[in-house]
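Same chain, two partners: chain A is paired with chain B first, then with chain C.
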Partner chain A sequence: MLTPAAQVTRQRGLPAGRARRKRGLGSGRGVGFVVPYLPFLVAFGILPMIYALTLAFTSHKGKFIGLKNFTQAGNDFRFGPSFEHVFLYTAVWLGTLIVFVVGLALVLHGRAGRASSTFRFLYYIPGALAGAASVLVWLFMLDPGVSPGTFLLHLFGSHLFVESIAPGHLPFIFAMIAFWTGAGGWIVVLHGALNTIPQDLEEAARIDGAGPLNIALRLKLPMIRKWIAYMVILSFATGTQLFVEPQLVNQASLGMVPDTWSSNQLAYQLAFRYGKFNEAAAISVDLLLIGLIAAVIIVTRTGLFRRED
Partner chain B sequence: MRMQRRVCLAVLATALAVAGCSSSTKSPASSATSPTSGGSSSQGSPATASAGGSTSAGSSAGAGSDASGNLTVWVDAARLPDAKAYAAAHPNVHVNIVTFDGDGNGATSLQTKIQLWNKAGSGWPDVIFSEQVNDPVWMAQQPFDFAADMGKALGSGVTSQWPATSLAQCTVNGTLVCIQDNLAPVVLWVNQKLMTQFGYTVPTTWQDWAALGEKVAKDHPGYIIGTTGESFSHWIYFWGNQCPLEANVKDTSVTINVADTHCTEMASLLDPLIKNGTVPPLSVFTPDFAKKYGGANDKVLMMPGAAWYAQAVFDSTLKVPAGEITSAAPLQWGTDSPVTTGQVGGGPWIISKHSSNPKAAADFVLWSTTVFNPDPTGPDARPGLPGYGPLATSWLAGMAQNKYFAADPTPAIKAAANQIWQGWNLVTYPDQPVWSNTVVTGLVAGKSLSSLMPALGNGLSQAAKAAGYSVVSH
Partner chain C sequence: MRLLTLRGLRLLVLAVFAVFFVAPMLWLLLAPTKADNALVTSNPFAFGSFHQIVLAWNHLDGFSSHIYRRWIENSLLYAVSATLIVLATAIPAGYGLAFGTFRGRKAILTLTLVVMIMPAAALVLPIFLELNALKLIGSVFSVILPFAFYPFGVYIAYIYYSTTMPRDVLDAARIDGCGEWTTFRRIALPLAKPVIALVLFFSFVADWNNFFLPYAVLAKSSQYPIQVGLSNLLSSTPSFNPAVGGGGQQVNIFRPELALATLIAVVPVLLVFMLSQRSLVRGLLGGGVKQ
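For the complex of A and B:
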């Protein structure tokens, strides 16, 4: 009778003993790396999640009430629009993130060392601004009165700040802000991933007559697939939890952008303006589920955790 | 350049409020715990007025200078000099001052904090000043249940010195739960210099005002006679014209009827003016506005606005030169009588139910509203007309002397204070963001106000229902 792990390794054609020894060594070393993080994960990740789950299924008196909080939050007139906003935003943002980050990383990786590292640094700089600070910079960028890119704003038909932040523009504006603050970091990560591709593979491809484009698309891209999946999972979760950008624009626009623009803001408002902590928890559980489902789909489709050794 | 810096500061303040809530509330507190000598020396007159004040304020409140112990007060930036001056004048009271972002655009700072204090069962401040006039309404009700009985704290002998309209606004379910620091009736602000230059007479009715707007658009394009871009513009135009956007509030029922003639006629009056550019949908607090209409451009011919516009808007924000601006009586609708006007602001003081030092809390509110600085000018000026009658008299006397104005603006302000329409009731939910995100965004996109009224009604109803009101719409 074989253990499941041994079955898997047998199928992959590896001697069971060798695989077990390898895994045992790896996890022993891994524990050392994981332990310092564990208390933080429990205190700031797992416990709040359990608290949110309990709140979401109970009344404010602590009685179990099934899905009532979910239906009540779902019937709120702001629930639909806020999720629509967030999904449109996430779609725009993830789309640009995947295309541009992967594209730029591939282009950079094809360049000589000096130019590549200079550009990597340049791309990374906007990411050094913390979330709120970058939104402030963008508030100025979007104001035709003070923006260095006024001519661009005029091209898009915006002559006043209030026109720049018209409701239809917002998902794109927030996506743009998030892209510029987040893209640099991911370009560096993907560049690192590209560096793990063995040099001889690339050489072999070149000898076989593949040009830079073919090497990038047919060799490098499939080999960094898992890193891209990893980026998409994390970015999807961050995207659906959008809060700081619309919250600041709400205040800067003197209320023209609703304070419940995103679903996370709605949860915040429900909790703190209306005192409905349980409904707010229900929305955060909704967001957790959406993030989990997306992650499961991406993991199974891309084989993120499949070991190919 | 200066304008940009101001915007930068405002935006930074917002960012701090959002990003670093805890630190931004703690640091001013610790730094202000022991008021600096600068604060007290610039406050010479109120400190000396303290003695006289306690007699004029009436000993009926029972809270004289014998207050002592610890006192935590939450104030906005404009009320900071007041709190510092109180601390300097009352060495027996250990005053802990906390400043916060109490802006009028539906900020949730106070809701958040009170919910957390209630959950924690401790931490409540003794006194709060809010820039949002509707805050006491929810503070007096569940689940917040924060506001103490202000009538009991100050005594009826003192509170009777506030106008009836002001007390009505602070009364929730029959109890006086707050007291207004200042009154903010809407008057018609006029640029006297430009009016004379163009040969116009100051209008007395909304119809004359609108007719003048048509004329201005033709003869002096670029000049404006008002704005509709404030989050509170409906408080200016619709409150004054008795439009029931938040009326007949009884327990948890509110009337919101945008189809009422009082609403539709005002929307129809404004529409051609919004279209011809004399009443743009732009806020006076945006850099765009100041650039287009303020400072050297000096394009504001008239502007219906609150009493505190006097210097806060024309002098500090728009930099309109001295000797041009004055105020005229609130506009009348045709021949309708009596004339009613709206109100914007008039922040209230609230005492906490949970205060462990109610005596000092009452003393602080009494001092702030009846004694502190009756001077409308200077670095620690009171920006608005005091609610307390005797203090208002001296404030108006100072205002009448002010060289900034082209003519004495006080008769109009004084009269308007008693003309605020009482049919407009305050509600627990913020209605101003609804105006901003349904109407102003639509106006900016070129839609007419009349066509946006149903959306406004819908938005207000949804906000009311979400806050637990039942809505009557006829």
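For the complex of A and C:
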């Protein structure tokens, strides 16, 4: 029951609101809120992107030279292996991420509150250790001399630290480190997404006789598809950026692992050691293209950014 | 019966993963309590003594005339100032993008998404050249300003506002005579607490853990943030770098010192996590408006 006063404001309010919205369309409402963000978007997002593109297609004197930088960088003997390493790493990392993060999030969501939040917290803790710190921890873990998992290392046939970080193992090791630090955060995010599924929907499914497994796979999984796609895109982007991990392993391996192990390291070395900024930019553009193509595929396949109003 | 085995299996899987996630942390926590040789000989999860922690800290603090403290201070300076700018720009921007009607809204949104999914490291090189042209290389701004651009923050603020905040609430505020700014400050900002916590957390952690950008733009080791400092420390220890040999004896940086350095470097992130944990655990879309 509305008070008379409320009724009056209501009557007055509705048409006024409509009129305002109409006027707002023309005058550009809300632009002021976006303005402070724009200089940053331009300076550290758009300009560098254009700059990278320009550099990649010009000589060091600024002359347009087509794809020459790309072919030159591509012909570098370190180019192929570095991209191979990164692809293998990204594939392993995305695979484990999708299977285990989604799996664990679903399993945890079925559990009672207290236990579930404890597990989420435990899984999340290593998230504090991304970057150099996480690599250091795993250098210890991979050193059979001090590792608590020595028996596991022996199982994989490594008795010395240098055997643990043999170049062939590295894509898997880096994927494991990335999973160790990143999985918990995504489990939290997916759990949040799962929480938005209306309870009545789940109850209805249960009344219809669906077991927990069926509810997880047929009801919950499709409803968090967007978030999974989102996770894959962002992880793909970070995956191709691999830099600090091989850089530190290079330092710890007495150069057995080259300092151009990943494509990003190669770009860095080309730019800062050899002064070949244009070729380095070409590699950056290669990475951008790969990221963009992957993103477009994922976005169009899942309808990630369709706006739901 | 079947239900029981299913539950047991579930618990087993969860427990195995818990060990995987927690055991390395536990080891790291205990490593500074032991001397370097004890790390090899004693049980990996045995506690040494508090005295050893003090010893390890003295060694670490003595390294290169207290440079470790300097690295932590630098990281705090970079991450805190950048995150403050991010909060001041990203939350309003997300709001403006969600409810604004201005021209170019779609374009800004798309560009934000494009930059967000772009490998940030691919932009480090051009950013370096840009900063170089502005003569900012080697100054604190060469780290803080690029850190202050955080499209992911804008995107989650945008998602939050456009999915959880009913337009009617805003319209009601406007009808009541609130201006654009007042509507934002009185209605949209208080409702955005969970998303502010999320942006604060993600931005701080991303800045704290960033290695590549400061590694490229900073020249002096006294300006390094802790992440780059840790790699510096790693290359000075004979534990992973036998070539350092005698040098290791001089700098007194062995595995316990390295573990302690890693541990301390994590504390700020854990603190920020505790601060924003409630919002994080509740998840992105939980709060705000109940339907």
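Some observations on this one:
What we mean here is this: the second predicted complex is superposed on the first by the 266 of 309 C-alpha atoms of A that agree within 3 Å, B and C clash if a C-alpha of one lies under 4 Å from a C-alpha of the other, contacts with A are read in each partner's own complex, and residues count from 1 in each chain.
One rule holds in what follows: a residue touches a chain if its C-beta (ideal position, glycine included) is under 8 Å from a C-beta of that chain, and two chains touch if they have at least 3 such contacts.
Just so it is clear, the model here is predicted, and its values are computed rather than measured.
Contacts of A:Gly149 after superposition on the shared chain: chain C is touched, whereas chain B is not.
When both complexes are overlaid on chain A, the residue A:Ala133 reaches chain B and chain C alike.
By the document's definition of touching, neither partner reaches A:Trp93: not chain B, not chain C. Of the two partner chains placed around the shared chain by superposition, neither chain B nor chain C is touched by A:Trp186.
When the shared chain is aligned, no partner comes close enough to touch A:Phe70: not chain B, not chain C.
Taking chain B and chain C in turn and counting the residues of chain A each one touches, the greater count comes from C. Contact with neither chain B nor chain C is seen for A:Phe83 once the two complexes are overlaid on the shared chain. Using the contact criterion defined above for the overlaid structures, shared-chain residue A:Val244 touches chain B and also reaches chain C. Of the two partner chains placed by the overlay, neither chain B nor chain C lies in contact with A:Phe174. In the superposition on chain A, no contact is made by A:Phe57 with either chain B or chain C. Comparing which residues of chain A touch chain B with which touch chain C, the overlap comprises 130-133, 136, 139, 143, 145-146, 161, 244, 247-248, 251-252, 254, 268, 271-272. Chain C contributes residues 6, 10, 13-14, 17-18, 20-25, 27-28, 31, 39-40, 44-45, 85, 88-90, 92-93, 95-97, 99-103, 105, 108, 111-123, 125-130, 145-146, 148-149, 151-152, 154, 162-163, 171-172, 174-175, 180-181, 184, 205, 209-212, 216, 227-228, 230-231, 234-235, 240-243, 255, 258-259, 262, 265-266, 269-270, 273, 280-286 to its touches with chain A in the complex. Chain contact summary for the complex, chain B toward chain A: residues 4, 7, 11-12, 14-15, 17-19, 103, 105-108, 111-112, 115, 143-144, 229-231, 281-283, 285-288, 291, 432-433, 435-437, 440-441, 444-445, 462, 465-467. On the chain A side of its complex with chain C, the touching residues are 9, 13, 16-17, 20-21, 24-25, 28-34, 36-38, 40-41, 43-49, 51-52, 55, 100, 104, 107-108, 110-111, 117, 119-133, 136-141, 143, 145-149, 161, 180, 183-184, 188-189, 191-196, 212-213, 233-234, 237-238, 240-241, 243-244, 247-248, 251-252, 254, 264, 267-268, 271-272, 277, 280-281, 284-285, 287-288, 291-292, 295, 305, 307-309.
Residues of chain A touching chain B in their complex: 76-78, 130-133, 135-136, 139, 143-146, 160-163, 166-167, 244, 247-248, 251-259, 268-269, 271-275.
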